[in-house]
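Common to both upcoming complexes is subunit A, partnered first by subunit B, then by subunit C.
Now for the complex of A and B:
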């Protein structure tokens, strides 16, 4: 009897925290899932909305604008994360040394990510301005024709990618730098003694050792890139046409402009599922990599033994 | 006998007192909470609110928000059992949502109340196009006046379209301001040849609402409309294609980067001398004449929105309404009535607001301060309350028109093909919303 009570005690202590977490975390998600089964406009209370079952999800399958937004989002997230990873990790490898003024340089590099996205959007919009913007002025000074930064679909897509890469490369940089600085010095010293070149050290020692951190970093950035809204809202508002209308913007417009909260909730849920699958895939890959590394280490120990 | 004389005198005094009673007395000391947009007209209105408090003893607290944020806030506020706002300004396309959801007071019961309604209010002086567009619902097509329609709001901060042009450029080249669409389109592309570096006309054209607005601005005068009387989309008829081509011509011959312009950017291009014409809301005129922000101040002339098949300028902007869940409805009506009365309308106009009354536009004092006022008053006689539909599903149709027009402007999509697509998708939206429930079976 007493033993049973002792077993239950930890659960009793945990219960309040679990209850609070469940309400705070799961209730909004449950609310959103429920809303996606409703034909709900903001002038109604949720209880007054009609239940439509899976109709919102079925409608999404035939919604050409949603499909377009979906592909714009995938393309945007894949491109910005690839660029940011290469630039961020590259910068970290470059600045991972103790030189005079390096602290200041590192601080300067992370400034863009500290600026509010709305402000970033406004600043870049001004720089992309067709007549008074910085870029076209420079092109003009060089005797080159001005570029349609935001007024042509392909250029506008490239322009929002550039702004995002500018703002979020520092995020990759700072995490990569932290990962680099926490690498075991013994492995690096051993490689150096064995005569490894700088590039060989990066390729065979530093990057493989950093990989778990890099995967999590890329994952976090990918999740964020799928939800980016403010910068694109200010820069292009999704245009020209639908060329930069990412899913978050489509969801926001569906809820506030088209006043279809149920339909917007269904879109959000699909985005959530997509991100969940992506997260699980990334974690699965990390586990596989770790297991393979552990197997190799064991094999080496046996060889040495 | 003496007793009866005294009593009679007392009754006479009481009656006389009642006859001359202050209609605001009962509400003095009340504090009204109003929700206004961040907009030049409402900035002007806020400047005269002290005068209202002084005259009535009613205090006013203003919650001023960017207009889309204001709409979001109202959407939440109006669904509550007891709201926080006594009086709201609403953007015209909210009329459909709020009236359909039964969230606004029908103003008839206030105008019928002799204790509240000012006999000198003069409803006939209000600009009909504005009242029909913003204030009335329940008649023709549901969102227009008709025999069974009723007023849910009063225009306040309403706008129409007008053509502003650079008098110096027109004089230099012996040009006449355009009166027809043919002349407008000809000048839009001729001016850049005559004045290198200056676009013909600055227009909003950014993807979404802005491109849709710009297209519809030309659709009505060119004889088109979005729906026929049976709600069938006719946006892809000859007039629709002509309107899309007109917009493309204007943008192609306009200032650089025009496809990204919202109204503010288009107005800025005109103010900075990058365009010779500007066809949009009258609300921008005050900015054109302000030398601190405009390089063309004093060099701008105004004429009516050019005519195509017919003369039809836009109607839009804001109105005032009392939410059903307002805590102080009668005092709120007194403020609504005061602000939109002849005196209120004039006071706000003198502070830089947009009048909603013909008498204000004709006022010599206002014309001395803003010389373009009389032209605006003349143009308002042709304000079209039905230049775009005000229906609950308009948001998604509007966005579709806007993104499709943006593709016409930037990706070279054929206007006919583009509008055929819009018409097909619009029909699906209308069908789903139940607009063909009463159509005869095919």
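Now for the complex of A and C:
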């Protein structure tokens, strides 16, 4: 900490950022909470909207389409995180080497996450296209019947999952590789001297040691999976039927197509609460592991000293 | 006995490496190659890697910047060209403002003890998870009815700055912590005020952090669709908005769309090739420390 600074100094440094976040982030969130109690459409000012109390929330409970889209969101997030964790961690364990080729692969691997989700959706929409798309062409060349990639409910759900797995498995891969390469060498050496085989090493040493990072990574990815919107918007726009209509998409359609802003605000609120719970779980977990590490370190000091 | 880390990788290792790189790059290469094809070549039943590349799709998309008039264009559609300018202006402005405000805030949080520090720091962490879909309704309402800045470029910049600040503040904190405090104390002894110390001593030392933060912010502003779609009017549309609009047309012009998609993908791809190390550092730090 710097001594003898003017007491106002920190506030001067902080003020511009805090002002912008207050005006364009906190105020809108408060506004949204207020709007969720109103019957409000986009042609009205908010002051002209009728106050309806908890009606939007009550309506949500009885809204079959909302319930469906809630479950689609949960299913989507759970499935993509599961696939991406297994693939990403598995690949990291397989490819845990410091080589030229690895640096190159890591660079190539970030590309799918860096380009716009709109572009990802665009490319995959082309590949899934019923007639000119890559997949059906390959199936055709192999003499197989073409698949209804985006036109059948279950297929469409699988298709958006595949696109997401393509885009985000590298994220898990890179983070678990980093975790793997920063594991204490001593534990791995000790296991090696004890004659642990590759698989035993992975199961009993590497995975347990990586666990804290893996859990945080999974939660981080889960939070992001709840925010996915553009790729699905471009691929299926939620269809066919409601089979791929995740919450973020339902909110945007409720606001712009059905013009029910209060109702959309109530949905946004629920999504926000869901994300808040996940975020707090992540922080809580980080705190817990940090405390445990500190305790262990202290215990070791006492032993040694 | 040797660990996987020291054993020489066999051909299977390289085969896997190659297969993964192919899978990651395949769709992107497909887009770029289609952007260089005529629609007849894209839709012809015999898809082939052998085709005569053409820049016609790019000429169509960027026709208002061309000094000549290509024969294949009957009427120049300026939508995309205008959107490209809007996207550039918005992303550069949002990145610059976010970085300046973000690094100052991060400095205050790292180097000073003051009342409200804990609350500010916690709020910043929490609002990081707010998705654009949640901001859609309130930002539309406030920007349209209260601020009257819907349809303007700075309206979009404002929301992008706010959205990116929490992440930028957080990531820069971890870089500022590493600056040796003695340097700042020495500058202070030489009579520099806190602002001079910050801008002349601290900022140059956290350049790698600023680079990472700049890339993340630019990328989010450049790629964002939902809020831009809600806030922009005909003249302030960004590239993602025009791409989605042209995808909803009945007869999709795949060649031109792939060209616009490629143009939208070029800046993030360049950043990745130039600064993959900083990007990975930024990502890793984000996960490890929550």
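What we mean here is this: the second predicted complex is superposed on the first by the 249 of 305 C-alpha atoms of A that agree within 3 Å, B and C clash if a C-alpha of one lies under 4 Å from a C-alpha of the other, contacts with A are read in each partner's own complex, and residues count from 1 in each chain.
In the analysis below, contacts are C-beta pairs under 8 Å (C-beta built on N, C-alpha and C of every residue); 3 or more make two chains touch, one makes a residue touch a chain.
These figures come from a predicted structure and were not determined experimentally.
In the overlay built on the shared chain, the residue A:146 is in contact with subunit B alone; subunit C does not reach it. After overlaying the two complexes on the shared chain, residue contacts for A:130 are found with subunit B alone; subunit C is out of touch. Once the two structures are overlaid, the count of subunit A residues touched is higher for C than for its counterpart among subunit B and subunit C.
In the superposition on chain A, A:248 makes contact with subunit C only, not with subunit B. In the superposition on chain A, A:106 contacts subunit C only, with no contact to subunit B.
Contact with both subunit B and subunit C is seen for A:42 once the two complexes are overlaid on the shared chain. Of the two partner chains, neither subunit B nor subunit C is touched by A:208.
When the two structures are aligned on the shared chain, A:95 is found in touch with subunit C, with no touch to subunit B. In the superposed model, A:256 lies in contact with both subunit B and subunit C. For the contact definition in use here, the residues of subunit A common to its subunit B contact set and its subunit C contact set are 42, 45, 131, 256. Contact residues of subunit C toward subunit A in the complex are 1, 3-5, 9, 13-14, 16-17, 20-21, 23-25, 27-28, 30-31, 34, 42-43, 47, 100-102, 104-105, 107-109, 111-114, 117, 120, 123-142, 144-145, 158-159, 161-163, 165-166, 169, 181, 184-185, 188, 194-195, 198, 219, 222-223, 225-226, 230, 240, 243-244, 247, 254, 257-258, 261, 264-265, 268-269, 271-273, 276, 279-280, 283-284, 286-290. Residues 41-45, 65, 129-131, 146, 148, 150-153, 236-242, 245, 253-254, 256-260 of subunit A touch subunit B in their complex. For subunit A in complex with subunit C, the touching residues are 1-2, 4-7, 9-14, 16-18, 20-21, 23-29, 31-32, 35, 40, 42, 45-46, 91, 94-99, 101-102, 104-112, 114-120, 122-127, 131-132, 134, 137, 166, 170-171, 174-175, 178-179, 188, 192, 195, 198, 201, 213, 216-217, 220, 223, 226-227, 229-230, 233-234, 247-249, 251-252, 255-256, 261, 264-265, 268, 271-272, 275-276, 278-279, 282-283, 286. Residue ranges on subunit B touching subunit A, taken from their complex, read 68, 71-72, 75-76, 78-79, 97-98, 100-101, 103, 206-209, 211, 255-260, 274, 392, 395-396, 398-400, 403-404, 406-407, 409-411.
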